[in-house]
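This report concerns only the one structure given below.
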Amino acid sequence: MRITVECYGASQRWCGAELISLDLADAASVAAALDELAGRYPDFASRRETVAVAIGDEIVASARVLADGERIALIPPVSGG
Amino acid sequence: MRITVECYGASQRWCGAELISLDLADAASVAAALDELAGRYPDFASRRETVAVAIGDEIVASARVLADGERIALIPPVSGG
Amino acid sequence: MNLSRLRHGALDLAEWLAGPMPGHCGGLAVFAGTVRDVHEGRAVVGIKYHAHPALAERRLAEIEVEGARRFGVQLSVGHAVGELKVGDASVVIVVRAGHRAEAFEACRWAIDTLKQTVPIWKEERYAEGPARFLEGTPIKPVEQT
Amino acid sequence: MNLSRLRHGALDLAEWLAGPMPGHCGGLAVFAGTVRDVHEGRAVVGIKYHAHPALAERRLAEIEVEGARRFGVQLSVGHAVGELKVGDASVVIVVRAGHRAEAFEACRWAIDTLKQTVPIWKEERYAEGPARFLEGTPIKPVEQT
(Lines give C-alpha, C1' and ligand atoms only; values in the text may rest on other atoms or scores of the structure.)
Protein backbone atom coordinates (compact mmCIF):
# COMPACT_ATOMS: atom_id res chain seq x y z
CA MET A 1 0.00 0.00 0.00
CA ARG A 2 1.01 3.61 -0.39
CA ILE A 3 0.80 6.42 2.15
CA THR A 4 1.76 10.11 2.03
CA VAL A 5 3.95 11.84 4.59
CA GLU A 6 3.51 15.60 5.11
CA CYS A 7 6.68 17.15 6.52
CA TYR A 8 6.06 20.17 8.78
CA GLY A 9 8.59 22.67 10.09
CA ALA A 10 12.20 21.58 10.13
CA SER A 11 11.24 18.03 9.12
CA GLN A 12 11.02 19.44 5.57
CA ARG A 13 14.72 20.10 5.77
CA TRP A 14 15.58 16.75 7.34
CA CYS A 15 13.70 14.82 4.67
CA GLY A 16 14.33 17.25 1.81
CA ALA A 17 10.67 17.55 0.77
CA GLU A 18 7.25 18.67 1.97
CA LEU A 19 5.48 15.57 0.73
CA ILE A 20 6.88 12.04 0.56
CA SER A 21 5.22 8.90 -0.75
CA LEU A 22 6.01 5.63 1.02
CA ASP A 23 5.24 2.11 -0.16
CA LEU A 24 4.65 -0.06 2.88
CA ALA A 25 3.40 -3.55 3.65
CA ASP A 26 -0.39 -3.77 4.13
CA ALA A 27 -1.46 -2.87 7.68
CA ALA A 28 1.92 -1.32 8.43
CA SER A 29 2.07 0.83 11.57
CA VAL A 30 3.15 4.44 12.06
CA ALA A 31 6.36 3.02 13.51
CA ALA A 32 7.01 1.14 10.27
CA ALA A 33 6.55 4.36 8.30
CA LEU A 34 9.04 6.14 10.56
CA ASP A 35 11.49 3.24 10.19
CA GLU A 36 11.29 3.65 6.43
CA LEU A 37 11.90 7.42 6.68
CA ALA A 38 14.79 6.91 9.10
CA GLY A 39 16.38 4.47 6.64
CA ARG A 40 16.17 7.00 3.85
CA TYR A 41 16.99 10.25 5.69
CA PRO A 42 19.83 10.30 8.25
CA ASP A 43 18.87 13.84 9.41
CA PHE A 44 15.43 12.49 10.27
CA ALA A 45 16.82 9.33 11.89
CA SER A 46 18.86 11.33 14.41
CA ARG A 47 15.78 13.35 15.47
CA ARG A 48 13.16 10.65 15.25
CA GLU A 49 12.56 10.46 19.01
CA THR A 50 11.56 14.13 19.14
CA VAL A 51 8.98 13.86 16.33
CA ALA A 52 5.27 13.18 16.82
CA VAL A 53 2.87 12.00 14.12
CA ALA A 54 -0.57 13.47 13.43
CA ILE A 55 -3.43 12.13 11.37
CA GLY A 56 -6.10 14.76 10.79
CA ASP A 57 -6.27 16.86 13.98
CA GLU A 58 -4.98 14.10 16.26
CA ILE A 59 -1.60 12.96 17.48
CA VAL A 60 -1.44 9.20 16.99
CA ALA A 61 0.54 6.45 18.72
CA SER A 62 3.33 4.70 16.86
CA ALA A 63 1.35 1.44 17.02
CA ARG A 64 -1.48 3.01 14.96
CA VAL A 65 -2.13 0.85 11.89
CA LEU A 66 -2.18 2.70 8.58
CA ALA A 67 -4.53 2.21 5.65
CA ASP A 68 -3.78 2.52 1.95
CA GLY A 69 -3.91 6.15 0.84
CA GLU A 70 -3.70 7.63 4.34
CA ARG A 71 -1.74 10.82 5.05
CA ILE A 72 0.41 11.25 8.12
CA ALA A 73 2.02 14.49 9.29
CA LEU A 74 5.44 14.75 10.91
CA ILE A 75 5.31 17.14 13.89
CA PRO A 76 8.88 18.06 14.87
CA PRO A 77 9.58 19.99 18.11
CA VAL A 78 7.34 23.07 18.16
CA SER A 79 8.46 26.69 18.44
CA GLY A 80 5.29 28.80 18.33
CA GLY A 81 4.52 31.88 20.37
CA MET B 1 -2.72 82.12 61.19
CA ARG B 2 -5.25 80.34 59.04
CA ILE B 3 -4.78 77.23 56.90
CA THR B 4 -7.14 75.26 54.66
CA VAL B 5 -7.67 71.52 54.89
CA GLU B 6 -8.77 69.65 51.75
CA CYS B 7 -10.57 66.43 52.63
CA TYR B 8 -10.12 63.64 50.07
CA GLY B 9 -12.01 60.38 49.82
CA ALA B 10 -13.72 59.16 52.97
CA SER B 11 -12.14 61.95 55.02
CA GLN B 12 -14.91 64.16 53.58
CA ARG B 13 -17.38 61.99 55.44
CA TRP B 14 -15.37 61.89 58.65
CA CYS B 15 -15.02 65.66 58.78
CA GLY B 16 -18.34 66.49 57.13
CA ALA B 17 -16.88 68.85 54.52
CA GLU B 18 -14.52 68.98 51.55
CA LEU B 19 -12.78 72.15 52.74
CA ILE B 20 -12.15 73.19 56.34
CA SER B 21 -10.50 76.37 57.63
CA LEU B 22 -8.36 76.07 60.73
CA ASP B 23 -7.04 78.89 62.89
CA LEU B 24 -3.73 77.77 64.34
CA ALA B 25 -0.85 79.30 66.28
CA ASP B 26 1.88 80.75 64.09
CA ALA B 27 4.39 78.14 62.94
CA ALA B 28 2.07 75.33 63.94
CA SER B 29 2.99 71.89 62.58
CA VAL B 30 0.99 69.43 60.53
CA ALA B 31 0.57 67.44 63.75
CA ALA B 32 -1.03 70.48 65.41
CA ALA B 33 -3.49 70.79 62.53
CA LEU B 34 -4.41 67.11 62.86
CA ASP B 35 -4.84 67.55 66.63
CA GLU B 36 -7.29 70.33 65.95
CA LEU B 37 -9.24 68.19 63.46
CA ALA B 38 -9.24 65.23 65.85
CA GLY B 39 -10.67 67.46 68.57
CA ARG B 40 -13.49 68.58 66.34
CA TYR B 41 -14.31 65.36 64.46
CA PRO B 42 -14.47 62.06 66.38
CA ASP B 43 -14.77 60.05 63.13
CA PHE B 44 -11.47 61.57 62.02
CA ALA B 45 -9.85 61.08 65.45
CA SER B 46 -10.43 57.33 65.36
CA ARG B 47 -8.78 57.03 61.90
CA ARG B 48 -6.05 59.59 62.29
CA GLU B 49 -3.18 57.05 62.31
CA THR B 50 -4.18 55.82 58.84
CA VAL B 51 -4.23 59.27 57.25
CA ALA B 52 -1.31 60.92 55.43
CA VAL B 53 -1.00 64.62 54.65
CA ALA B 54 0.03 66.08 51.30
CA ILE B 55 1.10 69.59 50.38
CA GLY B 56 1.16 70.10 46.63
CA ASP B 57 2.34 66.82 45.12
CA GLU B 58 4.26 65.67 48.19
CA ILE B 59 3.47 63.66 51.29
CA VAL B 60 4.80 65.64 54.27
CA ALA B 61 5.92 64.61 57.75
CA SER B 62 3.81 65.53 60.76
CA ALA B 63 6.64 67.76 62.00
CA ARG B 64 6.36 69.94 58.87
CA VAL B 65 5.78 73.57 59.94
CA LEU B 66 2.87 75.31 58.26
CA ALA B 67 2.68 78.87 56.95
CA ASP B 68 -0.26 81.21 56.97
CA GLY B 69 -2.57 80.53 54.01
CA GLU B 70 -1.15 77.09 53.23
CA ARG B 71 -3.37 74.23 52.07
CA ILE B 72 -2.95 70.70 53.31
CA ALA B 73 -4.68 67.63 51.91
CA LEU B 74 -5.90 64.68 53.97
CA ILE B 75 -5.01 61.40 52.22
CA PRO B 76 -7.03 58.60 53.84
CA PRO B 77 -6.29 54.94 52.99
CA VAL B 78 -6.29 54.56 49.21
CA SER B 79 -8.48 52.22 47.14
CA GLY B 80 -7.55 52.85 43.51
CA GLY B 81 -7.19 50.29 40.78
CA MET C 1 3.33 59.37 23.76
CA ASN C 2 3.16 62.00 26.42
CA LEU C 3 -0.32 61.48 27.77
CA SER C 4 -1.71 62.53 31.09
CA ARG C 5 -1.91 59.40 33.21
CA LEU C 6 -5.09 60.47 35.00
CA ARG C 7 -8.12 60.63 32.70
CA HIS C 8 -11.70 61.72 33.10
CA GLY C 9 -14.07 58.81 32.41
CA ALA C 10 -13.53 55.21 31.34
CA LEU C 11 -10.16 54.37 29.74
CA ASP C 12 -9.97 53.32 26.10
CA LEU C 13 -7.60 50.34 25.96
CA ALA C 14 -6.96 50.72 22.24
CA GLU C 15 -5.51 54.16 22.89
CA TRP C 16 -3.07 52.76 25.45
CA LEU C 17 -1.97 50.01 23.07
CA ALA C 18 -1.48 52.30 20.09
CA GLY C 19 2.25 52.86 20.59
CA PRO C 20 4.56 50.78 18.40
CA MET C 21 6.40 47.78 19.80
CA PRO C 22 10.14 48.56 19.96
CA GLY C 23 12.17 46.15 17.81
CA HIS C 24 14.14 44.84 20.77
CA CYS C 25 10.92 43.88 22.61
CA GLY C 26 9.23 40.51 22.22
CA GLY C 27 6.60 40.60 24.97
CA LEU C 28 3.66 42.91 25.64
CA ALA C 29 1.73 42.42 28.88
CA VAL C 30 -1.39 44.43 29.66
CA PHE C 31 -3.61 44.57 32.69
CA ALA C 32 -6.89 46.45 32.87
CA GLY C 33 -9.18 46.68 35.87
CA THR C 34 -12.90 47.10 35.22
CA VAL C 35 -15.92 47.88 37.36
CA ARG C 36 -17.65 44.70 38.60
CA ASP C 37 -21.40 44.37 39.03
CA VAL C 38 -21.25 42.96 42.54
CA HIS C 39 -19.12 43.62 45.62
CA GLU C 40 -19.44 41.87 48.96
CA GLY C 41 -22.82 40.54 47.86
CA ARG C 42 -24.28 43.94 46.91
CA ALA C 43 -25.39 44.88 43.39
CA VAL C 44 -23.11 47.66 42.14
CA VAL C 45 -24.30 50.12 39.50
CA GLY C 46 -21.12 52.15 39.22
CA ILE C 47 -18.07 53.57 40.92
CA LYS C 48 -17.03 57.19 41.21
CA TYR C 49 -13.25 57.46 41.28
CA HIS C 50 -11.83 60.38 43.25
CA ALA C 51 -8.17 61.40 43.12
CA HIS C 52 -5.73 63.90 44.53
CA PRO C 53 -4.69 64.95 41.02
CA ALA C 54 -1.21 66.38 41.57
CA LEU C 55 0.03 63.60 43.84
CA ALA C 56 -1.71 60.88 41.81
CA GLU C 57 -0.07 62.03 38.57
CA ARG C 58 3.28 62.10 40.30
CA ARG C 59 2.90 58.64 41.79
CA LEU C 60 1.74 57.12 38.48
CA ALA C 61 4.84 58.58 36.82
CA GLU C 62 7.01 57.20 39.64
CA ILE C 63 5.57 53.72 39.07
CA GLU C 64 6.61 53.93 35.41
CA VAL C 65 10.14 55.00 36.31
CA GLU C 66 10.58 52.51 39.15
CA GLY C 67 9.13 49.65 37.07
CA ALA C 68 11.51 50.46 34.21
CA ARG C 69 14.43 50.48 36.65
CA ARG C 70 13.53 47.27 38.47
CA PHE C 71 12.50 45.13 35.54
CA GLY C 72 14.26 46.69 32.54
CA VAL C 73 10.98 47.24 30.70
CA GLN C 74 8.94 50.07 29.21
CA LEU C 75 5.83 50.76 31.27
CA SER C 76 2.74 52.96 30.86
CA VAL C 77 0.14 53.43 33.57
CA GLY C 78 -3.24 55.15 33.36
CA HIS C 79 -6.13 55.62 35.78
CA ALA C 80 -9.64 56.98 35.37
CA VAL C 81 -11.37 59.52 37.60
CA GLY C 82 -15.06 60.39 37.70
CA GLU C 83 -18.16 58.24 37.23
CA LEU C 84 -17.67 54.78 35.73
CA LYS C 85 -20.30 52.16 35.06
CA VAL C 86 -20.09 48.38 35.23
CA GLY C 87 -17.61 47.03 32.65
CA ASP C 88 -15.74 50.33 32.25
CA ALA C 89 -11.95 50.24 32.56
CA SER C 90 -10.66 52.21 35.54
CA VAL C 91 -6.97 51.35 35.31
CA VAL C 92 -4.57 50.12 32.64
CA ILE C 93 -0.96 48.94 32.79
CA VAL C 94 0.97 48.36 29.56
CA VAL C 95 4.42 46.73 29.67
CA ARG C 96 6.71 46.27 26.67
CA ALA C 97 9.61 43.96 27.49
CA GLY C 98 12.33 41.86 25.93
CA HIS C 99 10.67 38.63 27.03
CA ARG C 100 7.49 37.46 28.69
CA ALA C 101 8.85 36.73 32.15
CA GLU C 102 9.75 40.34 32.93
CA ALA C 103 6.65 41.60 31.10
CA PHE C 104 4.38 39.62 33.45
CA GLU C 105 6.42 40.45 36.56
CA ALA C 106 6.46 44.17 35.88
CA CYS C 107 2.77 44.26 35.04
CA ARG C 108 1.82 42.45 38.23
CA TRP C 109 4.14 44.63 40.31
CA ALA C 110 2.72 47.81 38.79
CA ILE C 111 -0.93 47.08 39.55
CA ASP C 112 -0.13 45.82 43.05
CA THR C 113 1.98 48.94 43.69
CA LEU C 114 -0.59 51.33 42.24
CA LYS C 115 -3.20 50.07 44.69
CA GLN C 116 -0.95 50.97 47.64
CA THR C 117 0.73 54.18 46.52
CA VAL C 118 -1.62 56.30 44.41
CA PRO C 119 -4.12 58.66 46.11
CA ILE C 120 -7.30 57.45 44.43
CA TRP C 121 -10.52 56.41 46.16
CA LYS C 122 -13.49 54.33 45.03
CA GLU C 123 -16.94 55.57 45.96
CA GLU C 124 -19.20 52.66 45.13
CA ARG C 125 -22.82 53.19 44.10
CA TYR C 126 -25.36 50.43 44.70
CA ALA C 127 -28.71 49.40 43.30
CA GLU C 128 -30.07 50.01 46.82
CA GLY C 129 -28.80 52.20 49.64
CA PRO C 130 -26.34 55.07 49.79
CA ALA C 131 -22.99 55.21 48.02
CA ARG C 132 -19.93 54.61 50.16
CA PHE C 133 -16.18 54.97 50.03
CA LEU C 134 -14.43 51.61 50.14
CA GLU C 135 -11.99 50.77 52.89
CA GLY C 136 -8.46 51.26 51.62
CA THR C 137 -4.86 50.79 52.61
CA PRO C 138 -2.69 53.54 54.16
CA ILE C 139 -0.71 55.18 51.38
CA LYS C 140 2.93 54.09 50.93
CA PRO C 141 5.79 55.46 48.83
CA VAL C 142 6.46 53.64 45.54
CA GLU C 143 9.98 52.62 46.65
CA GLN C 144 8.56 50.73 49.65
CA THR C 145 6.58 48.24 47.57
CA MET D 1 -16.98 36.10 18.99
CA ASN D 2 -16.43 32.96 16.98
CA LEU D 3 -13.16 33.75 15.30
CA SER D 4 -10.67 31.39 13.82
CA ARG D 5 -7.76 31.25 16.24
CA LEU D 6 -5.14 30.87 13.51
CA ARG D 7 -4.81 33.96 11.32
CA HIS D 8 -2.85 34.84 8.25
CA GLY D 9 -0.47 37.73 8.93
CA ALA D 10 0.17 39.91 11.98
CA LEU D 11 -2.52 39.95 14.67
CA ASP D 12 -4.48 43.13 15.38
CA LEU D 13 -4.66 43.45 19.17
CA ALA D 14 -7.58 45.86 19.08
CA GLU D 15 -9.67 43.17 17.40
CA TRP D 16 -8.91 40.69 20.16
CA LEU D 17 -9.82 43.22 22.84
CA ALA D 18 -13.08 44.28 21.21
CA GLY D 19 -15.33 41.92 23.16
CA PRO D 20 -17.21 43.45 26.11
CA MET D 21 -16.06 42.84 29.68
CA PRO D 22 -18.63 40.65 31.47
CA GLY D 23 -20.14 42.43 34.48
CA HIS D 24 -18.86 39.83 36.93
CA CYS D 25 -15.27 40.32 35.74
CA GLY D 26 -12.90 42.89 37.22
CA GLY D 27 -9.57 41.94 35.65
CA LEU D 28 -8.40 41.76 32.04
CA ALA D 29 -4.91 40.38 31.38
CA VAL D 30 -3.42 40.34 27.90
CA PHE D 31 -0.18 38.96 26.55
CA ALA D 32 1.09 39.52 23.04
CA GLY D 33 4.30 38.16 21.57
CA THR D 34 6.01 40.19 18.86
CA VAL D 35 8.88 39.59 16.46
CA ARG D 36 12.20 40.83 17.89
CA ASP D 37 14.95 42.39 15.79
CA VAL D 38 17.72 40.22 17.18
CA HIS D 39 18.05 36.57 18.21
CA GLU D 40 21.18 34.92 19.56
CA GLY D 41 23.19 37.91 18.36
CA ARG D 42 21.92 37.82 14.76
CA ALA D 43 19.94 40.64 13.13
CA VAL D 44 16.46 39.33 12.36
CA VAL D 45 14.37 40.82 9.55
CA GLY D 46 11.29 38.68 9.99
CA ILE D 47 9.83 35.33 10.93
CA LYS D 48 7.70 33.03 8.83
CA TYR D 49 5.27 31.11 11.02
CA HIS D 50 4.29 27.67 9.80
CA ALA D 51 1.48 25.62 11.34
CA HIS D 52 -0.29 22.31 11.03
CA PRO D 53 -3.64 24.06 10.68
CA ALA D 54 -6.12 21.41 11.83
CA LEU D 55 -4.15 20.32 14.89
CA ALA D 56 -3.11 23.89 15.76
CA GLU D 57 -6.73 25.12 15.72
CA ARG D 58 -7.74 22.21 17.90
CA ARG D 59 -4.93 22.76 20.40
CA LEU D 60 -5.62 26.52 20.65
CA ALA D 61 -9.27 25.72 21.38
CA GLU D 62 -8.19 23.16 24.00
CA ILE D 63 -6.05 25.79 25.73
CA GLU D 64 -9.12 28.04 26.00
CA VAL D 65 -11.23 25.24 27.48
CA GLU D 66 -8.55 23.94 29.84
CA GLY D 67 -7.65 27.46 31.02
CA ALA D 68 -11.31 28.23 31.73
CA ARG D 69 -11.59 24.99 33.70
CA ARG D 70 -8.39 25.40 35.71
CA PHE D 71 -8.61 29.10 36.52
CA GLY D 72 -12.33 29.90 36.27
CA VAL D 73 -11.71 32.58 33.65
CA GLN D 74 -12.71 33.42 30.09
CA LEU D 75 -9.79 32.98 27.71
CA SER D 76 -9.16 33.75 24.02
CA VAL D 77 -6.05 32.67 22.17
CA GLY D 78 -4.88 33.63 18.69
CA HIS D 79 -1.77 32.90 16.63
CA ALA D 80 -0.48 34.22 13.33
CA VAL D 81 0.81 32.19 10.40
CA GLY D 82 2.77 33.44 7.40
CA GLU D 83 5.38 36.16 7.04
CA LEU D 84 5.73 38.61 9.95
CA LYS D 85 8.15 41.49 10.25
CA VAL D 86 9.87 42.95 13.30
CA GLY D 87 7.32 44.39 15.76
CA ASP D 88 4.40 42.37 14.38
CA ALA D 89 2.28 40.43 16.89
CA SER D 90 2.46 36.66 16.37
CA VAL D 91 0.43 35.53 19.36
CA VAL D 92 -2.20 37.00 21.66
CA ILE D 93 -3.78 35.75 24.87
CA VAL D 94 -6.76 37.60 26.36
CA VAL D 95 -8.06 36.65 29.81
CA ARG D 96 -11.17 38.08 31.45
CA ALA D 97 -11.39 37.14 35.12
CA GLY D 98 -13.09 38.01 38.36
CA HIS D 99 -9.88 39.35 39.87
CA ARG D 100 -6.32 40.06 38.85
CA ALA D 101 -4.63 37.07 40.49
CA GLU D 102 -6.36 34.48 38.32
CA ALA D 103 -6.17 36.76 35.28
CA PHE D 104 -2.37 36.86 35.49
CA GLU D 105 -2.03 33.16 36.34
CA ALA D 106 -4.21 32.03 33.46
CA CYS D 107 -2.49 34.37 30.99
CA ARG D 108 0.96 33.12 31.96
CA TRP D 109 -0.17 29.49 31.89
CA ALA D 110 -1.74 29.93 28.45
CA ILE D 111 1.35 31.33 26.74
CA ASP D 112 3.67 28.83 28.42
CA THR D 113 1.32 26.00 27.40
CA LEU D 114 0.89 27.25 23.85
CA LYS D 115 4.64 27.10 23.29
CA GLN D 116 4.70 23.40 24.21
CA THR D 117 1.46 22.07 22.75
CA VAL D 118 0.59 23.84 19.48
CA PRO D 119 2.14 22.65 16.18
CA ILE D 120 3.60 25.94 15.00
CA TRP D 121 7.17 26.56 13.85
CA LYS D 122 9.25 29.71 13.51
CA GLU D 123 11.41 30.04 10.43
CA GLU D 124 13.62 33.02 11.17
CA ARG D 125 14.97 35.25 8.40
CA TYR D 126 18.19 37.16 8.95
CA ALA D 127 19.87 40.24 7.53
CA GLU D 128 22.64 37.89 6.41
CA GLY D 129 22.63 34.19 5.69
CA PRO D 130 19.89 31.66 5.04
CA ALA D 131 16.62 31.40 6.97
CA ARG D 132 16.37 28.61 9.51
CA PHE D 133 13.80 26.81 11.60
CA LEU D 134 14.33 27.41 15.30
CA GLU D 135 14.96 24.54 17.68
CA GLY D 136 11.74 23.70 19.48
CA THR D 137 10.35 21.46 22.17
CA PRO D 138 8.72 18.06 21.53
CA ILE D 139 4.96 18.56 21.36
CA LYS D 140 2.95 17.70 24.49
CA PRO D 141 -0.80 17.40 25.12
CA VAL D 142 -2.46 20.44 26.74
CA GLU D 143 -3.47 18.41 29.82
CA GLN D 144 0.17 17.59 30.56
CA THR D 145 1.22 21.19 31.12
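Worth pointing out:
Letters A, B, C and D mark the chains as written, and numbering starts fresh at 1 in each.
Definition applied: a residue touches a chain if its C-beta (ideal position, glycine included) is under 8 Å from a C-beta of that chain, and two chains touch if they have at least 3 such contacts.
Just so it is clear, the structure is predicted and the values come from calculations on it, not from any experiment.
Note: the chain lying farthest from subunit C is A, by mean C-alpha position.
Centroid to centroid, with C-alpha atoms defining each point, subunit C and subunit D lie 24 Å apart. Here the spacing of subunit A and subunit C, counted between their Cα centres, is 50 Å. The geometric centre of subunit B is 26 Å away from that of subunit C, both derived from CA atoms. Across the assembly, subunit D contributes residues 33, 111 that each touch 2 or more other chains.
Of all residues in subunit B, none touches two or more other chains. Contacts between chains, counted with the stated touch criterion, involve the pairs A-D, B-C, C-D.
Contact residues on subunit D toward subunit A in their complex (touch as defined above): 33, 49-52, 54-58, 79, 90-91, 111, 114-123, 133-139, 141.
Remark: subunit C residues 13-14, 17, 20-38, 86-87, 89, 98, 100, 103-104, 107-108, 111 touch subunit D in the complex. Contact residues of subunit A toward subunit D in the complex are 8-10, 13, 50-52, 54, 56-59, 73, 75-81.
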